[in-house]
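One chain, subunit A, appears in both complexes that follow, with subunit B as partner in the first and subunit C in the second.
Our next item is the complex of A and B:
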C-alpha cells in the first residue's frame, strides 16, 4: 500500500472519531466477558470471532496512528500498520459481524462493536475492497432517488397489478384504491421493500383499519448502511424524508426491515413526522379496535424472532408480543430476556450478499437453530426481511421443519372481515 | 544508593504525578471535546432513571456478575480494595477528619486489604494465561497487572510489617512528614523513611507506582474515567 492511499484511508478513519468512538477505542480492558456474546463465536468457536478480538483489529490501527504511544512504544498495545494484510483482517472482522450488538449487553463498559466495525467498513470502501454488490445496490437506490420520474411510471404499473391481490385479501368498497400512491396530505407514508410480500399484506391491513395512507416510491432498505458508507446512507435516507415532507404526512411507517427502521428512526434527525415500524402500527390498530384478528387461523406453536435492529437496538419488543397474543394461544418465547436473543446471522449486509455468504451464514448461526428448536414451535415469526431470508435458509439447511413467516402476513391472513369500521 | 533513593522518592514522584494529572486531563479534554454521536447508542428495553442505571452498571458490573460470577467476585473485591487503599494513602498526607468519621488505624482492614488486592491481581494475571483471554490480551494488559501486583505487594509489606510483625521504625508520622513536605514543594526525607531496614521496600513501592502513574493516561486504565459516560450511552 503506498503512502498516498494510506493517508487517504487514515483521513477516513479520523472522520469517524467522535466522542463515542474515542470511548470505545480507548477503553477495552480485554477482560473477555464478551466471549460468549457473539453467535459466530458460539457456533464456530474461533477466537477471531470474539467481539473484543474484532474490536482490537480496528483498535490496533488506532493505537498506531492516533495515539502518541504508536510512535513511542507501539509494541505495548500491539499497534499495527495499515497494510493490505490489515485490510484483509478488517474485511474478515467486519463482514463476519452482523452488527447485532449482543456483545454490548455483555461488555461491562458497553462497547459498541457495530460502531467499531463501521470504521472497518468505511476503510474498506475507501480502499475499494468492500463487497461490490452492496455498493452497487446502494448506488442503484441513490440513482432512483435522483431520477424518480424515470422509474415512476413503471413502478405505478407494477403496483396496479398487485391491487387485485390486495382486494382478494380484503374486500374493498367500489371506487377505493387498494394501493394509494403519491397522495398529498395522507396521514401515513408506508415505505415498503421491492417485493409483493412487503406490500400486499400491509395494504390489506391498512385498508382494513381504514388508514389514510400512501405508498412510498422508494424501497426502505438502506444498502449504504450495510456497506458502512455514511454519505450514501444519508442520500438513501433523504429520498424518503423528502417524499414524506413533500406529501406532508404525519407518520412514516417502515416495513419489516430492521436496518431501514433503525436508520430512519435514529438517524433521520428531527422531522415534522414521526417514525414507526409497521409492527408498532399494527399493534396500535389492534389496541384501538381498528382491526380484529381471528385466533383460529394458526396451527401449532408460534415463536417470534426479535430482529436485532428493531428490538435490542430500537426498542420494539412489547408490540410484536401483544400482536401475537391476538393471533395464537400457543406463543413461546425464544429467550427469557429479549436482549439475549441470538442474531439470526444475516444482518450487516450478509444476506444481501446472497450466495457468497451462504456457507458462512449457515455455519455461524447454529446457535440460532438450537434456540428455535428448543421451543418446539411450528411457526417462526419475525418482522425483518433479512432475518426472514436468513431464517428461511437455516430452515432448509438444518431441516428445522418450521414455517418462517412475516408477522404482517400472519396478521393479514387472520383479518376478520366483518369487523370493518 | 542515597542519590538513587532520593531521585525515586522526590523528583521522580513529581514527574510521575505531573504526567498523571496533566496527561489525564489533556486526554480527557481531547476526548470530551469531540462531537457527540448523532444518534442514540442505547440498548433496549430501557429503564429509568437512566443516570441511576448507568451508575449501577458502572460501579456494580452487573454484566460481569451475570456471565462471569467468579471474575465478578475478584473484580468487586479488587476495586473496593483500591478505593480503600487510595483513602489510606490520602491519610498518609496528614489527618483528614472526614475520613476518620469512623475512627480507625491508618490503612483500614488490618493489612487484609492489600492481601486481597494482591490475590485478586494474581487471579487477573493468571486468567490471562488461559484461552481465550490469552488471545485477546496485549502486552499492556500484562505489564499493568504485573506493575500493580508489585506496587501492592511492596506497599502491603510495609503495612504487614507494622501490623503483623511489630515493626515500628517507620511509622505513619514519618510518612506524613515526608508526604506533606512533598505536597508543599519543600521536599524533606526523614532518615526513618530513607534509611531504615524497610526503606528499600518503600523505594520499590514508590518506583513502581511512579511508572504506573506515568503510564496511566496512555493506557486502558482510562476506563476508570470513561466507564461512566460509556455506560450512560448504553442506557440512553
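Our next item is the complex of A and C:
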C-alpha cells in the first residue's frame, strides 16, 4: 500500500473518531463476556468470530496511528500497520459480522461492535476493497433518485397491475384507488421494496384501516448502510426524505426491512414527519379498532423472529407480540427477553451478497435454527425482508419444516371485512 | 421471447426477495459475451425502475421492456 493511500484511509479513520467511538476503542477489558454472545462464534466456535477479537482488528490500527504510536497499553493487543494484509483482516472481521449488536447488550461497557465494524467497512470502501455488489446496489438506488422522472410512468403502470390482487384481500368502493401514488397531502407515505409481496398485503391493510396513504417511488432498503458508506447512505435516505417533504405527509412508514427502518429512524434527523415501522402502524390499527383480525386463519403454532435492526436496535418488540396475540392462540416465544434474541445471521449485507455468503450464513446461524426448532412451531413469522430471505435459506438447508411468513401477509390474510354494517 | 430480439440467455427472477433480481442480473449478464442479450423475467413492479437505474449505473442497455399479466420481461444487452 502506498503512502498516499494509507494517508487517505487514515483520514477516513480519523473522521469516524467521535467520543463514542473512542470510548469503544479504549475501553475493552477483555473480560470475555461477549464470547458466547455472537451467533457466529456460538455456531462455529473460532476465535476470530469473538466480538472482542473483531474489534481488536480495528483497535490495533487505532493504537498504531491515533494513540501515542502504539505505546499505550502494550500488554493489551499489538499495534498494527495499515497494509493490504490488514485490509484482508478488516474484511474478514466486518463481513462476518451482521451488525446485530447482541454482543453489545452483554458487554458490561456496552461496546458497540457494529460501530467499530463501520470503521472497517469505511476503510474497505476507501481502498475499493468492499464487496462490489453492495456498491453497485447502492449506486443503482442513487441513480434511481437522480432519474426518477424517466422511470416513473413505467413503475406506476406496474403498480396499477397489482391493484386487483390488493382488492382480492380487501374490497374497495367503486372509484377508490387500491394503491395510491404521488398523493400530495396524504397522511402517510409507505416506503416498500421492489417486490409485489412488500406492496400487496400492506396496501390491503392500509385500505382496511381507512388510511389516507400514498406509495413511495423509492425502495426502502439502504445499501449505502450495508456497505458502510455514509455519503451514499445519506443520498439514498434523502430521496425518501425529499419525497415525504414534497408530499407533505405526516408519517413515513417503512416496510418490513430492518436496515431501512433503523437508518430512517436514527439518521434522518429532525423532520416534519414521524418515522414508523409498518409493525408499529399495524399494532396501532388493531389497538384503535381500525382493523379486525380472524384468529381462525392460522393453523399450528407460531413463533416470531425479532429482526435485530427493528427490535434490539430500534426498540420495536412489544408491537409484533401484540399483533400476534390477535392472530393466534398458539404463540410460542423464542426467548424470554427479545433483546437477547439470536440474530438470523443474514444482516450487514450478507444476504444481499447472495450465494457468495450462503455457506457462511448457514454455518454461522446454527444457534438460530436450534432456537426455532425448540419451539416446535409450524410458522416462523418475521418482519424483515433480509431476515425472511435468510430464514428461508436456513429452513431449506436444515430441513426445519417451518413456514416462514411475513407478519404483514399474515395480517392481510386474516382481515375481517364484515358484510353487515 | 420478443420477435425482433435474439436472446442468448434467460433468467427467471420471479418472486425473488430484495435485492436478488438486481444481484442475479448483475452476475448473469457476465455469463454472456459483450453485445449479446439476456432476457430477465420478474414479478417485481420495483424492477421497472430498478433495472433501468441498474443499467445506467453498470453501463448495460435495456433494449425493451414488456409487461404481460404479472410478468415483466426485460431484454438487456451487455455493453461492458
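What we mean here is this: the second predicted complex is superposed on the first by the 410 of 421 C-alpha atoms of A that agree within 3 Å, B and C clash if a C-alpha of one lies under 4 Å from a C-alpha of the other, contacts with A are read in each partner's own complex, and residues count from 1 in each chain.
One rule holds in what follows: contacts are C-beta pairs under 8 Å (C-beta built on N, C-alpha and C of every residue); 3 or more make two chains touch, one makes a residue touch a chain.
The model shown is predicted, which means the values in this text are computed figures rather than measured ones.
Undergrad: Of the two partner chains, subunit B (first) and subunit C (second), which one does A:231 touch, if any: first, second, both, or neither?
TA: neither
Undergrad: Once the structures are superposed on A, label A:27 by its partner contacts, choosing first (subunit B), second (subunit C), both or neither.
TA: Touch partner of A:27: subunit B, not subunit C.
Undergrad: Regarding the shared-chain residue A:155, is it in contact with subunit B (first), subunit C (second), both, or neither?
TA: Second partner only.
Undergrad: Give one of first, second, both or neither to describe whether A:385 is in contact with subunit B, with subunit C, with both, or with none.
TA: In the superposition, A:385 touches subunit C alone.
Undergrad: Tell me the contact category for A:313 with respect to subunit B and subunit C: first, second, both or neither.
TA: A:313 contacts subunit B only, not subunit C.
Undergrad: Who does A:335 touch here: subunit B (first), subunit C (second), both, or neither?
TA: Neither partner.
Undergrad: One more residue to check, A:195. First (subunit B), second (subunit C), both or neither?
TA: After superposing on A, A:195 lies in contact with subunit C but is clear of subunit B.
Undergrad: More subunit A residues touched by subunit B or by subunit C?
TA: B
Undergrad: Which partner chains sit in contact with A:373 here, subunit B, subunit C, both or neither? Use first/second/both/neither.
TA: After superposing on A, A:373 lies clear of both subunit B and subunit C.
Undergrad: Can you list the residues of subunit A that touch subunit B in one structure and subunit C in the other?
TA: none
Undergrad: Mind pulling up the subunit A residues that touch subunit B in the complex?
TA: 17-24, 26-33, 35-36, 47, 50, 52-53, 56, 67-69, 75-78, 101, 104-112, 115, 266-267, 269, 311-315, 317, 338-339
Undergrad: How about subunit B: which of its residues touch subunit A in the complex?
TA: It comes out as residues 30-32, 34-41, 43-46, 57, 61, 63-64, 67-68, 71, 127, 131-133, 135-141, 143, 218, 220, 222-223, 226-227, 229-231, 233-234.
Undergrad: Any idea which subunit A residues touch subunit C in the complex?
TA: Against subunit C, the touching part of subunit A is residues 133, 136-137, 139-141, 143-144, 147-148, 150-152, 154-155, 157-159, 161-162, 192-199, 217, 219, 221, 223, 257, 351-354, 385, 388-389, 392.
Undergrad: Under the stated contact criterion, what part of subunit C meets subunit A in this complex?
TA: It is residues 15-24, 26-27, 43-50, 52-54, 56-58, 65, 67, 69-70, 72 of subunit C that touch subunit A.
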